[in-house]
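In what comes next, chain A is part of two complexes: it sits with chain B in the first one and with chain C in the second one.
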Partner chain A sequence: MSVKVNRRKFLKMLGWGGAGTALTGCDLPTTVTLEEGKEEVVSYLMPEEYAIPGIGVWYASTCTQCEAGCGLHGRVREGRVLKVEGNPDSPVNHGKSCMMGQSTVQSHYNPDRITSPMMRKGSTLQSVSWDEAMSALTSKIGPDSGVKGDRVGMITGTVSGHQAVIIDELLAQVGSKNHYVHEVINTSVWSSVCRDMLGDEMPKLNYDKAGVILSFGADFLGTWISPVHNMGEYAKFRKGARGSLIQVEPKMTLTGGNADLWIPAKPGTEGALALGIANFIIERGWNAVDVPSSIAKTLNQYTLTAVEKVTGVPVNKIKRIASMLTERAPSLVIAGASTENHENGYDAVASVMLLNLIMGNIGKTIEASAKFPEKALRAKQGNTKDLLLLAKALKDNKLDVLFTYNTNPAFTAPAVLQVSEGLSSVGFKVAFSMFPDETTLQADLVLPIHSGMEDWGTHVPAYQPDTSSVLSLQQPLMEPIHKETRGFGDIMLSMLKLRNKNFGDFPDYYSYLQTAVANMPADVTGSVEGASKDIWSNVLQKGIVKAKASANALTPKLVDMKFKVKHDNSGYPMHLVPSARLGLWDGRHANIPWLQEFPDQIAKVVWGSWAELHPKKASELGVKNGDYVRVTSASGSIEAQVYIHKGIHPDAVSVPMGQGHDEFGRYAKGRGVNPLKILNPLMERRTGELATHATRVKVTNAHKHEKLVHLGGSETQVGRKFVKTISVDQLRRTEGEA
Partner chain B sequence: MSFKNILENFSYYRRDAEDGGHHEYDHRFGMTIDLDICTGCNSCSTACYAENNLAVVGKERFEKGQAMHWMRVERYWDNIEGDYAEEGAKFLPMLCQNCGAATCEPVCPVAATYHTPDGLNAQVYNRCIGSRYCSNNCPFRVRYFNFWSYYEDSWPEPLNMQLNPDLSVRDKGVMEKCTFCIQRIRTAKDKAQREERVMADGDVVTACAQACPTGAIVFGDTMDPDSRVSKLWEKHQVHRGPFLQKKDKTNEEIRGYRIFDELNVDPSILYLERVRDTEV
Partner chain C sequence: MQVERRTLLRKLVCSLRGRMRMKTVTIKQLLSFSVLAFVVSILPAKSYAELPVPAHITPPVGEHESPIVPQPIEFPHDRHVNDMKINCMYCHTYARRSKVAGIPPTSKCMGCHKVIATDKPRIQQLTEYWEKGESPKWLKVHDVPDYVHFTHEKHIRKFVFDEKFPVEDVQQVCGLCHGEVRGMTVAEKKKPLNMGFCQRCHEANGGPGDCWACHK
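Then we have the complex of A and B:
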C-alpha cells in the first residue's frame, strides 16, 4: 500500500468495521494484497480454457431487478449472456426465478440505454466525454467546490452490501446525512410493527409450517418481501398436509387468486376485522397465550355484529376464520400493502400481529431472522417516508446537489408533492442511470452506468430466509456492451478518491471488492471453504457467502392500539387501489418488451393500463369491458379502460402501477396511466409513510370505448373442464397426508 | 412404405397406439403440471421467451391473436355464484401437448410437422409452406403462425444479442410451437453420448420447468419407468395411449387428467387437479 492506513480504518473502508473484526485480526489472510487485485483482472477477450465456442458456460451472479437478492446463473456463450436462471446454491431462490429475473437480459440489452455521459447545456442534455463529465463533477462537488454538509443529498432505491458502504462513505466525507432510500413497493409499516412487537424488523416467516395462512393484503406470491422464495415455501405449504390460505384484500392480487377463500373487506377496515377475530377467539377462550385484561377490554367493542357493520364481512365468515386459526394451528397471519398503506396502517398491522401473538405463532411460524454480522452491509430498505422528506427538502430549497440512483422519484411521487417541479430548484443534479427515465432527463449531469450484468457488487438481502445469513455476489456476465458506460461503484470510487486518499489504492471497484471479500472477517466467511487466498475465486464460483448469524429470539410485546376507521363523505365515494404487479413492478420494468407483452396475472391485460371494477359498480356506471372511465381524486384524474371482475370490492377501483411514463424509452413512453400521480398526500400516522391506499376517488363514465387487449377469448371454461377443482377431502382420500 | 412392406410386417404396423403405434420410440418426453401449486405467476412463459427466441408482437398484433406465447398462462373465472370470486382464479399453463396421436400431423400437406422418435411433434421450419392447416386442426390452440417478419422489429439492436444461437429465428409464413426445448434435449443427448452413458432423468429440463418457482412443472421421459414424470403418471393412473382413461382408474378421485382426453389425441401433458379447501 502506498499510503499508510491502519488496519481498523482499512477494514472499515471495506465495510468490515463492526463487531467481530477486531477479534479475528490475526486470522486475516496476509497473502492477499491490493497489488494482487490489480493483476488478476482478466479480460474476457482472453478465452478461458473452458470457453469453447458453441458451449454455454454458466457464471454465478445476483439479480438486481428487485430487492429480494435472488442468486442467478447466467449462460454465457461466445462472450454474450443469453439467459439467466436461478442459482441453486442461493437460499433465497433455490435455483428458481420470476418473470422479472428472467427479463434481466432485456434490461441489459435494452435498445434505449444511455450510451454516453450527458450534460445540461442551456435547456438540453448534450452528449459529452467522460473527461468533461468528471471534471464537471469535480468542480461542482469536489473538495474545492465548497459544497458540503446537508445541502448534498442522494436518493436511491434499496441498497445493501458494498454499494451501501461506499454511499455511506461518500456522504460521510461530504458531511451529509441525507440519504433518501425510496421504494414504492415496500414493507415499511410491517417492518415497524415487527420491530416494535417482535424486536426484529424482518422476521423469518415459516410458511411451510403453517396450517393456515391468513393474509391481510400481503401479496407474498407476487410483490411482498421475497416473492420467489415465498413461492418455493408456498409449494411446501400446499404439499403434504396442505395448508389453507385465506386472503383479505380489496383487490385480488396474485396471492388472492391462489387463495382457498378470498374476502374483500371494506378498504381501510382490515384492522377492525383482525381485532374482531381476536375478540371472538378470546371470548371463546381459544387463545394459546394469555391476553392481559387491558387488551381484552379494548377488544370488547369489536363484537361480531359491530365488525360486520364496519368491514362488510359477514359474521359467519369471521367466526369461520377464527375457528380455522384455532383448529389448524399453528397459523401465520401477515399484512401487506392494502392494509399497511392507510392512515391507520400501523394500528391495522399491529392488530394483525396481535393474532400471531395470541395464537402462539411466535417461535413457530414466525422466527427471529439471521442477521448479517456486518451492520454496514445490511440492506437499507426503501420506503415512501423518504420520498416525502425529499419532497419537503426540495420545496424548502434545502438541496444544492442531488444524486439519484436506481430510483425514479419524478415518476413515483404523487403529482401533488411537486417533486418534478422541486427538482428544478436543485442547483446540480447528478443521475447515475441506465435509462432515460423521468428523473434522469431532469438531471444536469447524466452518468450512464453498467447494467446489472456488467457490474460488480455485493448484495445482502433484507429478508434472510435461512438460519445463516447470506451475501450474494454480483459479477459481470460479459464485457460492457456500450463503450461509454461505467460501473456505479467505479464512479463512486473516483469521487471518494477526491476526498479520501486512502481509496487511491484501489484502481477500480473490482479491486476494492476483491480486497473486501478477501479480507472478510472469519465470522462472515462461514461457508467459504479453502485457504484464505482462494476465498475470492470460491465466492466467484458459488456466487454466495453464507455467514454465521447470531441466534436471537423474538421478544413478543403488545403495543398500544388505537385502531380507528376513517369515514369520508367528501364526494369521493370510492377507494383507489394502486396495485402492484409482479412484472412491471413500480414502473421500473415498463421498458422491457417481454414484461409489457406478458398478461397481468389476474386481469390478463397487456401493453397498457386498466381500471378494475366490480360488476355491481360497473352496471351502476353503465360501463362494460373496454369502456373508459375517469378516476378523479382531489389531486387529479386519470382515464383508463375498464376490466370487470368479481375479485374486487364494489367500493374500490384498482389501477395497477407501472405504466404512464412520459419518458423511459420506446416501450414505456406514452403508454397507459400512472395511478400514483393522483394520490392525495396522506400519511400513515405512526410511521410517516405515504398512505398510498388511502386516496378516495370518484369514478365516472368517460363515454369512450376501445377493445380491451387481453389474453383469452373467454373468461370462463364454458362448461369444459380444463382446470378441474377438487376438495381437500378428496385430495386427502387419494394422496393422503404426507 | 410399400404395400409389400406392410403385408410382410403386418403385425408390427398394426400395433396399438399404447405400444407406440407404428413409431419406434427412443424416448417419449412428457410433462406433469400440478395446478394446485401453480400460482399463475408467468415465470414459465418468460423463461420460454428467453430460451426460444419468441418474438414480441406488440399491442395491435396481440389484439388480433397473433402473440407468439408458446407457453401461456390462461386464467378462468368459473362458477361464481355469489358476489365475489371467493375461490380465487383458475390458472392454466397451456402449451403444445405434444400429442402421441396428434391432429396437427396428418393434415400437413408437406409433412413439415411430424412425429420424432423422441415422441415430439416437431416442426420443420424450412419445409413449412404456411398452409396453417395444423393450427386449424389443433384443439389446444397452441400453434403460432408468423404472419409477419417479426425479427424486423422485435429485437432492435442490441436486443438481438440475446437471441439463443441454438435455434433459429423464424421468418414470415412459418408455423411454430413449443418444442419441449428440443435444443436442450439435443444438447443432453450429445453430452450423454460423449460421456458414454444413457440419458438419465433430470438431464433435460425445459426452460419452463427450470424457472417454475413452485416446481409445479415436472419434465421427463415417460418411457423411463424411474423418471419422476413416469412415477407421477403411474401414481395418477394415467398412461400413454389415446383411449379414454377414466375407466382405467381404480379410484376415480385420483387427481391426474389430460385435457381433451375425450378426443383421443394422447396428450403428453398430465395435469393434476387444482385443490380448494371448501371447508374454509
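Then we have the complex of A and C:
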C-alpha cells in the first residue's frame, strides 16, 4: 500500500513535528542550559562606583577606520568595548556611523593582531622583547647612529592632530623632509582644482541646498570625502522638495545606484561632457554668471554632436542635464575618482568646476570651509603622488631608514612600480602595525601598536562640514587586550626623547596630549565649557573641540584646460575601473569578517573578487555569471569571475579593490585579486597623481567556471510579477494626473 | 525542606581541604575530622523550616540535580545567610540595578574580614588574594546561554519593589530560581533554568510571552 503525501500534507506534518520538537525542547536540560563550573567569573577587586556589571558606560572617541574623522561613542561593559555608535556632538557624522565604523570591534578583537615586537633575524621575523626592540631602534636611528637627513623617510596614511605634529617633529630632528602620505582612495585632484579655482582645498558642499546634484563619478554616499556626513546631507536633499541626482560614471557605484539619471559616459571623457553641457547652457543664455570670451571660444568646439561623438552620451540627454541644471538651480556639480584619476583628470575636474562657476553655485552650494586655527594640526591628506615618489626613491636607493604607519604600499602600489622589491634595498624598515600585512612582513623591526580603541590621539578632519572647525579626540575605550602592544604616540615620544630633552617632561603620550589640548589658545578651546583647569576632562567627556574659524570667501577664477591625451591602445580595447566601495575600502578592511560578509552594494558578491561586465560585452566573449575571465594590461594580468550587470559602460571592466592579499591574516590572505597590481604607471599630468582609472586592458575568456557567491540569486522576476510596475504615461492616464 | 546530611559532611570536607591547602593540618586533626565525619553521618539530619513562598507569586516548577562545583574558596553561603542573617542583596548588590546580580567585589569581603574571623583558613586564603591584588577566579554555577537576555533587575522590581514585598525577606524570591542557598556552602544549581522552567513561570505570573522579550 502506498501512502500519498502531497505538498500540503507534507507541510502539515512538518508543522506538527516541529511544534512537538520545540515544546519538548524547552525542558531538555542538556541542550538549552549550560554546564555548571565550566566558565570563570571574576569579580572586581575594588569597583569604581559607576561600573555596574551588566550596564554599559559610553565613552567618546574618534573612528580611525577611514580619514573622515567621525566622532564615536563606545559602549563599555565589564571593561570590554562591545559596540560603537556615532557621537551626536560631532558635526561630521551627527551621531551616525557606517559599516566600517561599526566593524571597528572586529579590527580590535581580531585574532591576527601582532602581539609582540618582532625583529628580522636572518630571513625570518622573530619575537623579541620591547627592550631589545627599542635598543635596536636607538642604535639604528638614535643620535649616535649617524643617520640623518633625507635618507630617512616615513610613509603614513592620512594623519592629523598631534600625531601629525610628532611625526613632523621626529623628521625635523632627523633633518628629513620625506614624509610620504599615501591613500589610494583620495580626492587629491579635486582638492588641487578647488585650491586653484576657488582658493580653498576642501570647500564646504551644501548638498541640502541644491535642487539638483550632478556628480561626475563622485561616489559621495560610499567613498568620497566624508561618506557618513554626505549620507545625512543627501537625506535632507531628498526630503521636502525632492532634489534630483544625476550620476555620470563608467561603473555604477552606490551613489549611481541611487541616482535618478545614471549616465555611463565613455571612460576618460567626462571633462568633454561637462564642457558640452557648459557650452549648451551658454548658447541658450541660461548661465547665471558671465563667461569671459576666451573661455566661451574654447567651449565653442564642444558642440552637442561633437560631444556625443566623443562621450557616447546622446544629444537629448546632454540637453536634459543642461535644462535640469537651469530649472532646478542652485545646483551642485562634483567630481570623483573615475573623473579625477585619468591623465587629464585635472582638466576634467576643472571643467566640472566651470559648471559650478557659470551656474552661480559658488557661495550657494559651495562655500568656503572652516579651517582649524592651529595649522600644524590640520590633516595631511593622503594621495598617490607620494606613492610614486616613494617608488622612485626606493628605485634610486635613496633611503636608509623607512618608517611605515597606517598604510600598506606593498599592497596598494601597482606591481610595475616594484615597491615590494624596492623595500629590500632599504637598510632598516620599521613598521608600526597592528596586523601582519604585506608591508609589515617586509620590515626589519615590527612594533605592535594599540588598536584605535586602545590608543590616544587627536584628529582634525580634512573636510570640515560646520561653520566652526572641529578637533575630535580619540581616547581608549578599554585597556589594551594584549600586554605587549604600545601606543603609536608613546613609541614616537620615546624616540623623540632620544634627541630632544624637552619631551622628557612627558612620561607618556597621554600626558603630552593632556598638556597640549589644555593649553591650546582660546580660539580653539573657547567653546569648551568650564574653567581652564577643567578643559581636559570636558574634552574627554564630549570628545569634540569646536574651534573658532576665520571667515573666508571663495575667490573663483578660471584655469586653462587642455585635453589632448594620445596613446596607442591597440590590443587593449577596454578600460579598467578599479572600483572602491564602502566596506573593504582600499583593502585595509579585508581582514574584518563582517565587511567580507557584507555584500557589495551593487554586485552583491561576498568574500571574493569579480569582474563586472556589460551584458553586451559578456555575450561577445561568450561568458555568463561565474565564468572566469582574464583581464590583461601591459603591466600584468588577473583572473576573476564575471558578474554581468547593465550598470557599466560596455567598454569598461570593473574589478573592485580590497581583495588579493598575499598576507594580512586568515580572513584576507589568498582571497580574490587586486586590480591595483596590473595598473600601468600613468600619471595625471598636472598633479603627478597616479592615474588609476587610465589603464587599458583586454578581457579574454579563461574557460573556467565556478558558482559566483552572491546574495540575490536571480536578477529578474522570471515573469512572476512580484513587484508590479507601471509606466509613467500609463499612470498619468489611469490615475488622472495632469 | 531538610538539609541533607551530605551538606554537613561536605562542609567538613571543605574545611579540611581548606586547611590542607594552607598546610596547617596535622595527623591529629585529620583523625579528629574522620571521627567527626562519622558522628555527623549517623546523626539525624538538621532541618530548616521550609522557606515560605511569597503570596503574590506562583512558584516556577522544576528541579535540577547539580554536581558540586569546586570553587577556589569554599564560600559558606549558609554561614552568611542563615547564621549571620545577611541579605542576599548586601553582597549581590547589582541584582536590583542590572541584568547580572554580580559576584561581590573582593573589597566588599574584606570590608568585614579585615577584622572578622581572621584566624580561619578560608579567610586567610581570601586575605592572600586581597594582598596580591587579585580576585578569586570563581566558577559559574548559574548561567543561561548568550542568546537569552535574563535580567535580575526586572524580576526584582516586579516581585519585590512593585509589590512592596519586605526586602529583608528577599531570599524567598531569590530562592525560587536559586534554591535554598541558606543550606549550601558554595552555590549549587537546584533549578533547571531552561526555557520550559522560565516559560511556565511567565505564564503563571503574567510575564511576557513574546520571544523577543528574552531572545534578542
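Please note the rule applied: the second predicted complex is superposed on the first by the 663 of 738 C-alpha atoms of A that agree within 3 Å, B and C clash if a C-alpha of one lies under 4 Å from a C-alpha of the other, contacts with A are read in each partner's own complex, and residues count from 1 in each chain.
One rule holds in what follows: contacts are C-beta pairs under 8 Å (C-beta built on N, C-alpha and C of every residue); 3 or more make two chains touch, one makes a residue touch a chain.
Note that the coordinates shown come from a computational prediction; the quantities given were computed from them, not determined experimentally.
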Contacts of A:N110 with chain B and chain C, given as first, second, both or neither: first
Partner chain(s) touched by A:F722 [first = chain B, second = chain C, both, neither]: first
Chain B versus chain C as contact partner of A:P53, first or second or both or neither: second
Touching partner for A:I263 - first (chain B), second (chain C), both, neither: first
Contacts of A:P373 with chain B and chain C, given as first, second, both or neither: neither
Chain B versus chain C as contact partner of A:I481, first or second or both or neither: first
Most chain A residues touched (candidates chain B, chain C): B
Shared chain A surface residues [contacts with chain B and with chain C]: none
Footprint of chain A on chain B - complex, ascending: 35-37, 39-43, 45-47, 49-51, 56-59, 62-63, 67, 69, 72-78, 80, 83-92, 94, 154, 156-165, 207, 210-216, 251, 253-255, 257, 259, 271, 273-280
Chain A partner contacts - residues on chain C that touch it in the complex: 62, 64, 66-67, 69-70, 94, 97-100, 102-107, 130, 133-145, 151, 189, 192-197, 199
Contact footprint of chain B on chain A as seen in their complex: 77-78, 80-86, 93, 95-99, 102-103, 105-106, 108-111, 221-222, 227-228, 231-232, 234-235, 238-239, 242, 244, 246-247, 252, 254, 256-264, 320, 324, 481, 582-583, 593-599, 601-602, 604, 606-608, 614, 616, 645-647, 650, 666, 707, 709, 711-712, 714-717, 721-731, 733-735
In the complex, chain A residues that touch chain C: 25-29, 32-34, 36-47, 52-55
